[in-house]
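Two complexes follow with subunit A in common, the first pairing it with subunit B and the second with subunit C.
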Partner chain A sequence: MSATVELRGVAKRFGAVVAVDDVSLTVQAGEFLTLLGPSGCGKTTLLRMIAGFETPDRGAVLISGADVTHTPSHRRDVNQVFQSYALFPHLSVRGNIAFGLRMQRLAAGEVEQRVAEMLAVVALEGCEERKPHELSGGQRQRVALARALAPRPAVLLLDEPLSALDARLRQTMQLELKRLQRRVGTTFVLVTHDQAEALAMSDRVALVHRGRIEQVGTAAEIYDRPATAFAAEFIGQANVLEAEFIGRGAGGVDLRVNGVGELRVAAAAWLGDAPRARIVIRPERIRLEATQPAKGMRNAFPARVEEKIFQGAQDRLTLVTPGGLRLVATAANAGTGEGSLRVGDSVWCAVYPEDVVILRQPASGEAGRRAQEIPGGPGSAEPGYETGGRASAQGAS
Partner chain B sequence: MLAFLWGPIVVLAVYSFNTSRLNILWEGFTLRWYGEVWDNAPLMEAARTSLIVATITTVLSVLLGTAGAWLLHRYRFRGAGALRTLVGVPVMMPEIVMGVSLLVLFAAVAVPLGFATVVIAHVTFCFPFVLLAVQARLAGLDPALEEAALDLGATPLRAFWLVIVPCLRPAITAGALLAFTLSMDEVIVTYFTASPEAATLPLRIFGLAKVGLSPMLNALSVLFIVATVAVVLITERLQKSSRSLSSRP
Partner chain C sequence: MTIPVQPTQGSAQLPRPARWFLLAPLAVWLVAFVVAPALILLVYSFSERDELGRVVFTFTLENYARAFDPVYLSVFGRSLGYAAATTAICAVLAYPVAWCMAQARPPWRDRLLLLVMIPFWTSFLIRTYAWITILKSEGLLNGLLLYTHTIAAPLELLYTPGAVVLGLVYAYLPFMILPIYGSAEKLDPALIEAAHDLGCGPWQSFARVVLPLTRPGLAAGVMMVFVPAIGMFAISDLMGGARVPLIGNVIQDQFVGQARDKPFGAALAVIFMLIFVTVYWLWQRRAEARVA
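For the complex of A and B:
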């Protein structure tokens, strides 16, 4: 696999606002990568740098191996689907799709053939002569896709392409986009703030926060092994807890968590000699038992159901431990019969050692000083990680 | 209110077909006055001058107004805000002030008054109208349209010509018609900047009216009114289509 897009230490500031702060990222050929993050995190600026609408203050942008940092957008082998679609209102569907091909000065016959091909790909045959204002939202979206794919770019950029559609259509289009990407094999870079969208479509997700990349990985990797508290909380729900190192044991380390007690955690590498850390436990990984598990079993603690929110297939529970710690857990919807938990019920919680994730950043208070003391610490394998700890520590303090 | 607005015009139109030389008594229908207009050589010469001046003025105003609006809209540069205000002010300025100031300017740089000075003067007060019309349209345009064109491989110039200009067409046409009519019936500024040889139609009519009211003038005025109404109707229609174009999802 070769890199189609490569960002090398790019940075961009607008006045006093740092939009992108030293980001390095590689997108492989044929990959569907999503830049995910809250609004204002810098993900759109990153996309615009790839498109050529913004020039980074520092760093380099490479497309198919060539440095295009200072190449204007009309000479880049990149096309974009805009959030507003930006279809040309005076041109028909055919005219819109043919626009990029005409700019490449393809022969009329070739243009005609490619337009027909693209219309088939997005299933819009028969709409050639319609004007954009005569199309539905979903149809406009497809025209925008066809227009951007027609010149066969090395990379297709998608800026929140589904945000203008209603929830139902959005779900259909998510699947359709993913299928389309597999079929045409083009590298897709998508920008979204919708985590469900990112999880549903992408091969890999790059989580962007405060102008930096927090974590890159498959959706499952980020969900199961979040690197930072932000990553844990932005994708899915998470219990982020402060923990204190007390010693090593068989197959892991022992931590003390206020309000819970001792937890054995399957940790391949503890953060050096850091005395404190933050850990993440996903709500569905807290196993609930009606009775106390066998005496002496590790990682079990009692709690009381404080709140119960019906969510269809499952209930979302807020638990309080005798130590006063609040945890979010989920329980399958068991109906009204035996085993259904009610507010006020007492339960036993159990957590498997491998279901606890130690974040790659020290607990607040220890701040960045610690992270820098660990040369080549955990996470240095992934570009963008090295600096992630620092950014998040600033965010936490 | 309509009677108030249109009453004098209707009376004028009726009298333009009156056989009598006086505007008081109806004596019978005639097209004689229209014929006299046609036969009046200086008047037709002035009409020709007016049409040429208005056409050149319109073309120059459209070019200057559209390019100016695009530059002000697209490029953020020092003093853009001040420039925007400076362009807008002359629209509100009394014509007499414009006329005098232009006369002073032409005298200062020793340009002899004539056809060229009339055109320059007309462009001066016409192009801001085009600019304002185009600017209003640009403000409602999706900025991603230009980026989409660039993204698809169009050079900035082609993006402007193939995407922006077609989107602006209704505003450009409306501005052009406005410039044309303004130039066609402008008197005061022209009065200060024209030589006798470069007299426009309104100037000539002004001169004739001073000598005495002739039914020929009635006929001429009716022709003018018909032309103006036609232009207004076309403008309105174009503005409607402009609105339907600008509706975005």
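For the complex of A and C:
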């Protein structure tokens, strides 16, 4: 596989605001890559640099191996689907789709044939003569896709393309978009703040935070092995806990977590000689038992159900350990019969050593700064609660 | 974009007399300032004048027949040409200005808008006299050119067709800038980015996206410049030195000038009005056909 898009140490500031800070990223040919991050993280600026609407202050942008850092957008082999679709209101569906083809000076017959082809791809046959204002939101989105794909660009850029659609249509379009990408085989770079969208469609996700790329990987990689607290909290829900290194045991390292006790964690290596680190446990990886597991079993601790939120297929529970640490866990919806937990019930929690992720010491950014702010003394159970609380808030939105 | 208008039920809820009562102020205004003057002109245009220039009410088509005399046709043709040139020059000058204003950040937008409107704060006549001061033989421009030895003798700048067009362009430029700005400001910047994205250079994106989408503003500007420019008499008087009379001068001359033939002036004005109404009506019908 060859690289279609390559960003080499690009940076961009607007006045005093650093939008993009030394980002390097490679997008492979035929790949569906998503730039995921909260609003204002710099993901749109990255996209606009690839499109040619912004010139980086430093670094280089390469498309299909050629340096296009200073090439204007109309000479780049890249097309974009705009957030507002930006369909030309004075042109029909046909005129919009043919626009890029006419700029390529294709013969009239060729233009006609490609327009028909694109209309078939996005299932809009028969709408050729309609004007954009006569189309529904979903149809406009498909015209925007067809218009951008018609010139057969090396890369298709999509700027929050589904954000204007209602929730149901958005889910349908996610699948459609993924199918379309497989069919045409074009490299897609999508920008979104919606983690569900990123997980559903992308081959790889680049998590953008404060102008930097926090982590790149498949959705599963980022979910199962988040590199930073931000990554853990932005994708899915997470319990981020402070842990202290106490020693090495069979198959891993032993950590002390305030409010929980000792945990054995399956880790190939500890982080150098750092005495403390942060760990992540996903809510659904906390296994809940009604009774105490066999004596001597590691990674088991008691807790009380403090809060229960019904979420359909599962309940989201807030647990409090005797040490005062709050954790988020999930329990499958077992109906109203036996085995369903109620607020105030006591449970036993168990965590497999391989379900605990040790975060690499963040080099910079918010996570690093936050880690320094956290008081390191014993009895500081608050950080875990705080991050857990924030994670649940994000998960619910 | 057209918004389908539902037939409103609201008007049916008011009793008929009340509706007429609410319309009365508008009706009075229209009768007083539009219908009545037009009727007076119409009546005049079929009348005759006596030796003292007083209007004698009879019915004659003589005035209309005279209007098609080659002398007046050439004046009319000249007016048309001047107005067309003025409109075209205004459009070319106004587009970049309006575009820059629309692209500027909001605080600068307001400042630039103010700059465009500042000339309205002084009398139009004073501003025209200012141009005379600049352009006349011993004026500022000739003085500067002589002083810098660019020319040996003063150029004849004033009382030329060029001076008239210059005066017209100067007077009506803001009426072209403002409506174009109005359209340009509403243009979604993403549309221009989309044009670039799909392979348009700066000129192509102007021709294929900006121009078509600001056409309503341009059309309004053309109307607002062309119509008053064709009837203008003060500028051609002052800056053309009565050497290049326009149709406005001829009409003015009939009413307050030496010609003193109000019926003939009225007939010219009525013909003029009919031409505009017809052109406007055709234009409007085309616009409606395009929307439908």
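Convention: the second predicted complex is superposed on the first by the 361 of 397 C-alpha atoms of A that agree within 3 Å, B and C clash if a C-alpha of one lies under 4 Å from a C-alpha of the other, contacts with A are read in each partner's own complex, and residues count from 1 in each chain.
The rule is short, and it goes like this: contacts are C-beta pairs under 8 Å (C-beta built on N, C-alpha and C of every residue); 3 or more make two chains touch, one makes a residue touch a chain.
This is a predicted model, so every value here is computed, not measured.
The superposed arrangement places subunit B and subunit C in clashing positions on subunit A.
In the superposed model, A:312 lies in contact with neither subunit B nor subunit C.
In the superposition on chain A, contact of A:126 is made with neither subunit B nor subunit C. In the superposition on chain A, contact of A:137 is made with subunit B only, not with subunit C. In the superposition on chain A, contact is made by A:164 with subunit B only, not with subunit C.
In the superposition on chain A, contact of A:247 is made with neither subunit B nor subunit C.
Applying the stated touch rule to the two superposed structures, the overlap between the subunit B and subunit C interfaces on subunit A comprises residues 51-53, 72-74, 78-80, 82-84, 86-90, 99-100, 103-104, 133, 147-148, 151.
For subunit B in complex with subunit A, the touching residues are 142, 144-145, 147-156, 158-159, 162-163, 166-167, 169, 244-245, 247-249. By the touch criterion given at the top, residues 51-53, 72-74, 78-80, 82-84, 86-90, 99-100, 103-104, 133, 147-148, 151 of subunit A touch subunit C in their complex. Chain contact summary for the complex, subunit C toward subunit A: residues 1-2, 188, 190-191, 193-201, 204-205, 208-209, 212-213.
The residues of subunit A lying in touch with subunit B in their complex are 51-53, 72-75, 78-80, 82-90, 99-100, 103-104, 133, 137, 140, 147-148, 151, 164.
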